[in-house]
Amino acid sequence: MIIVMKPNAGKKEIDNIVDKLHKAGLEAHLSTGKELTIIGVIGDKRLVADANLELMPGVDRLVPITESYKLVNRKFNVKETVVKVGDVEIGGDRFVLIAGPCAVESEEQIFQTAEKLSKAGVKILRGGAFKPRTSPYSFQGLGVEGLKYLRAAADTYGMLVISEVTGIPALQDAEPYVDIIQIGARNMQNFDLLKEVGRTQKPIFLKRGMSATIDEWLNAAEYIIREHNNQVILCERGIRTFETATRNTLDISAIPVLRAKTHLPVFIDPSHACGVKDYVIPLARAAAAVDCDGLTVEVHPNPDRALSDGAQSLTPEDFVELVRQIKPILDVMGRKL
Amino acid sequence: MIIVMKPNAGKKEIDNIVDKLHKAGLEAHLSTGKELTIIGVIGDKRLVADANLELMPGVDRLVPITESYKLVNRKFNVKETVVKVGDVEIGGDRFVLIAGPCAVESEEQIFQTAEKLSKAGVKILRGGAFKPRTSPYSFQGLGVEGLKYLRAAADTYGMLVISEVTGIPALQDAEPYVDIIQIGARNMQNFDLLKEVGRTQKPIFLKRGMSATIDEWLNAAEYIIREHNNQVILCERGIRTFETATRNTLDISAIPVLRAKTHLPVFIDPSHACGVKDYVIPLARAAAAVDCDGLTVEVHPNPDRALSDGAQSLTPEDFVELVRQIKPILDVMGRKL
Amino acid sequence: MIIVMKPNAGKKEIDNIVDKLHKAGLEAHLSTGKELTIIGVIGDKRLVADANLELMPGVDRLVPITESYKLVNRKFNVKETVVKVGDVEIGGDRFVLIAGPCAVESEEQIFQTAEKLSKAGVKILRGGAFKPRTSPYSFQGLGVEGLKYLRAAADTYGMLVISEVTGIPALQDAEPYVDIIQIGARNMQNFDLLKEVGRTQKPIFLKRGMSATIDEWLNAAEYIIREHNNQVILCERGIRTFETATRNTLDISAIPVLRAKTHLPVFIDPSHACGVKDYVIPLARAAAAVDCDGLTVEVHPNPDRALSDGAQSLTPEDFVELVRQIKPILDVMGRKL
Amino acid sequence: MIIVMKPNAGKKEIDNIVDKLHKAGLEAHLSTGKELTIIGVIGDKRLVADANLELMPGVDRLVPITESYKLVNRKFNVKETVVKVGDVEIGGDRFVLIAGPCAVESEEQIFQTAEKLSKAGVKILRGGAFKPRTSPYSFQGLGVEGLKYLRAAADTYGMLVISEVTGIPALQDAEPYVDIIQIGARNMQNFDLLKEVGRTQKPIFLKRGMSATIDEWLNAAEYIIREHNNQVILCERGIRTFETATRNTLDISAIPVLRAKTHLPVFIDPSHACGVKDYVIPLARAAAAVDCDGLTVEVHPNPDRALSDGAQSLTPEDFVELVRQIKPILDVMGRKL
């Protein structure tokens, strides 16, 4: 951390700060220029995290030099995390496909979807049971009943299950039925929930918040891992910008940024990122080429009868076409489906 | 709602949609232009909310005409909501001040703050007990212990209490101690929590999400009111933009927009909006002049020792100066403190 | 400037940089921590502006400590700039009103507007002759003919003239007719134009770019002043964000931020900021209370027949009401109209 | 276009509007619902473009149904535009590489770059002579001298030349030396310049403005084509968002959106989009897979001595690696280099 002093800061004010740093067990290095003095702080800045140095007399501002997250930080953990769930490895040299409807709507719907997706090579079945919806008048999900259908469909076709939890009660309801727990964009900074899923033994699929910076997202992952669950998968799903031609703006650059900053596996959700069915396949190709670890895609047997997000859902036939188009790109990238 | 057909949509596709609308009990009005046909849908669009009309053959897109929220909508409820809590009225002709530290840190700190603020005319004491913090290594709040100090300090000085709840367990813990329940920006779309606070009998102070549109915010309020708690106060606290000179960007235009759209009272939080102590008073003046119903301001007896948000906290003396500066503007606006 | 080295940077790489700094006439102060070394650079960083230090082996990144602008910087020029034009002083203790139609449309329209506005106390008449419009099919302005009408109307009613120039040819056309030259949001980084207006003797009214940071805006002003024209007025007119309820988002916090960073006068344009007539007066009140130096407001005698921006234009009667509402707030702020 | 009336609009107000539409030669179709009436307008809405219908009594708002651009609109021009320049075809089944330094700095630098890039298969050499820089103290380009070096280097190695013009004088200077004229992000809505380049006979490379919507970008292209130059190439180069880990946010979804809306060819500039050398190659792979028509990439023989944008420049050797990585993806996509 660097402390930048105000141009008019005097010797007394500078000594004062150096003193405070020394008392906290830190070293201070002064650089005095023509305009102002800066103080380099050497040591673990958490020792003065609550000291409000920026408010001490003569201080202009603090400049952080190192990141606040440690456990998810590649600098301190160079080995890539590989999440194992059933016989699927996420974060290794495979490209993993998660697919299914936005919401579980009926036993028939989810069985029909699972059958077709398992034939298309999908190993992980998705489906929402607890749906966070902008309007209270929209379909809110089937709850536990939906999870039972989802589990049964997955078991029938030899698949694993992922589903979103929207709070601690939903987590308790969902845990027996799911193999991977999804935290949605709206709950990325629901810290109570992050801590709680950090205490489970199941992999966590952490979607990026709609307006979360990459640093905030990594701090959210740090919350989970700090509770001793290091099975975290990140999922970029589009950020909110001024552009309205798509539902959100897929931040594809987040993938190379995350590769540089963290050892965790990274997925892309092209369906929520764009919100328009016709754009999903081109974005899936881009995702394969940018070298993320997998995709989560919305697939519905009858998008025109879907109770949520129909506009962005592929049919099972579209999904087969998606796989056909990304397969040769994955070959180029040295990844197997 | 308007259904815009594709330029190449044929008679059969149009008839198909008209049919579907009729079956749902809606009327359809066709306007056929040179380039394309549009269909005006007459009736309650919730009847086809889950019909995915946008996916029917020949449909280009849907254009919503009316808002999805009803109970918070001024169109259907012209009378201003006045929230009564103790002997304080929010949303009438008063300008209500909420003040206190970001977090309750100790019995001494909150009593000291309460004493000075009550003298400065503040009737509602704020203080966080459950703190949502970006990093897990930051101070997380004192929990119930903090709420007890907050309640005791408020009672001693004849004040009311507001505090944030970050989840359903926190709500259960907090309910006995608080007069107003605050939902923070990060939980604005925590729908489980919204429903749950909608079932309490206490006023809800609903802060705008960092990247929530005004429409999403009003839908969040609709979730609460739909559970029969119509004592909702909205609070603008800055939105996330590209500008980094301030922590967030105060969307002051949201006040006249909300006046046009809803009957609920509206507050401004200048402290979180800008994140810099020196900018709080000018923004408080602007808030008074734009004619919102009150302010929530962070005040700490020793900002340089605050465990969170010290940089944006006023001292009690600064707060007295804030009141001194806004008072004559409130006089102009015909509002009493 | 601070140079942050990579955790694995070796002695040779550090020496290398220190050497480069010394050769450029700068001093280097090292702070070596457990994780990494940082180098404080003492001296005028422009000496290494083109040295690409961030690409030297072992360098992680550069952290700027001082601003790149000097002439507009309050740190080096503490005295407030007062722009004098005719008998009007901008940036002193007056609150200056600029008003008029978005575009000059006819002789009659601008004379009619000028008459009413001059009676309402407006000293500076605005009106666009060169209109930057999103679509080529929208009205593009009357050009020099419009400027002649504008000048004649202003002269008739004893007013000054401000008008936007969209390029160097427009500047040459406009210069004889205007007292203040406006640079619009879309040209805030048209650096050729900035340099050219910097060579004129007239005050420049520099609107903020739709997505310009405050730092970029101040750098744009620096371009003008560096050409020896220090008569620059800044105008906040709303920034582009995700919110669509208003045309742009008025960044009212920019006023106190600019007060801290620069000595230049600052205006607000509430009309373009919100784009909706009904929101202009509340925002004008907020502008008066936040203590900017004046307003520019769109006024049209018949907004429903305006050729551009009718939706956000006040009638002259509305404008009289605006003045009536801000006057007592300006009294409170110690500003005279 | 749809006119949405206010809930309380009466018969007289509605008749009034219908009348106005009829007089303009348009048809009006009414849909009267329980809450409100909407009026579908049939005919060319440009007939009432300047009528300010939104201000007529009883009108709530207008909802545009068709786009304001025609010439660039795929709906009216289904055939893909192929831009021919020398023996290079842009927009056909080739994938075209443009590469070179951000700025031409010296004869030696550009010849060295051209030699290496031509060997790597690049047919179009880029290099800035007129540089738009945020700070007036940064290197501003060599001007015509730079263009001469650029032309000579390109001719020596059998390449074509592209360079940015920042205004009409720069355009006049540049035209004799360049094969393709680039309009940079900051000038995307410099309408005078757009019209002027529309009157040249050379292909125009139109970069997206930093905060321009796709619709505004297409309207900017419409300005050019309306002046009878239909050789326009669009280039996505990242948009401004809240995320700071990258310089801008590459809006990769813009490619499929543009494919649906326009017949013009589309490029990606991964260098400006991310601003970090290490992220350029992954983004180039994504660009190849999303199926754009080409890339423009910054390449400098010695990025650590570049006078601008060194941090995002590849070395010629990096560029060879970029080509090696995208080549097999282009094979998959059926595109030839």
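Here the chain labels run A, B, C and D in written order, and each chain numbers its own residues starting at 1.
Here is the rule we go by: contacts are C-beta pairs under 8 Å (C-beta built on N, C-alpha and C of every residue); 3 or more make two chains touch, one makes a residue touch a chain.
Nothing here was measured: the structure is a model prediction, and the numbers come from that model.
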{"item": "Of B-D and A-B, whichever chain pair has more C-beta contact pairs", "value": "A-B"}
{"item": "Most widely separated chain from chain C, with each centre as the mean of CA atoms", "value": "A"}
{"item": "Interface sides of chain C and chain D: same vs different residues, half threshold", "value": "same"}
{"item": "Chain centre separation in whole Å, for chain D relative to chain A (CA means)", "value": "31"}
{"item": "Distance between chain centroids, defined by C-alpha means - chain A, chain B (Å)", "value": "26"}
{"item": "Between chain D and chain B, distance of the C-alpha-averaged centres to the nearest whole Å", "value": "39"}
{"item": "Chain D, residues touching no fewer than two other chains", "value": "211, 240-242, 244"}
{"item": "Touch list for chain D against partner chain B, complex", "value": "2, 4, 7, 27, 29-36, 38, 40-44, 63, 65-66, 75, 240-242, 244"}
{"item": "Interface residues, chain B side, partner chain A - complex", "value": "46, 49-52, 54-56, 68-69, 130, 132-140, 166-170, 186-187, 189-193, 210-211, 216, 219, 222-223, 226, 240, 303-308, 310-311"}
{"item": "Interface residues, chain D side, partner chain A - complex", "value": "211, 213-215, 239, 241-246, 249-257, 259-260, 273-274, 278-279, 282-283, 285-291, 328-329, 332"}
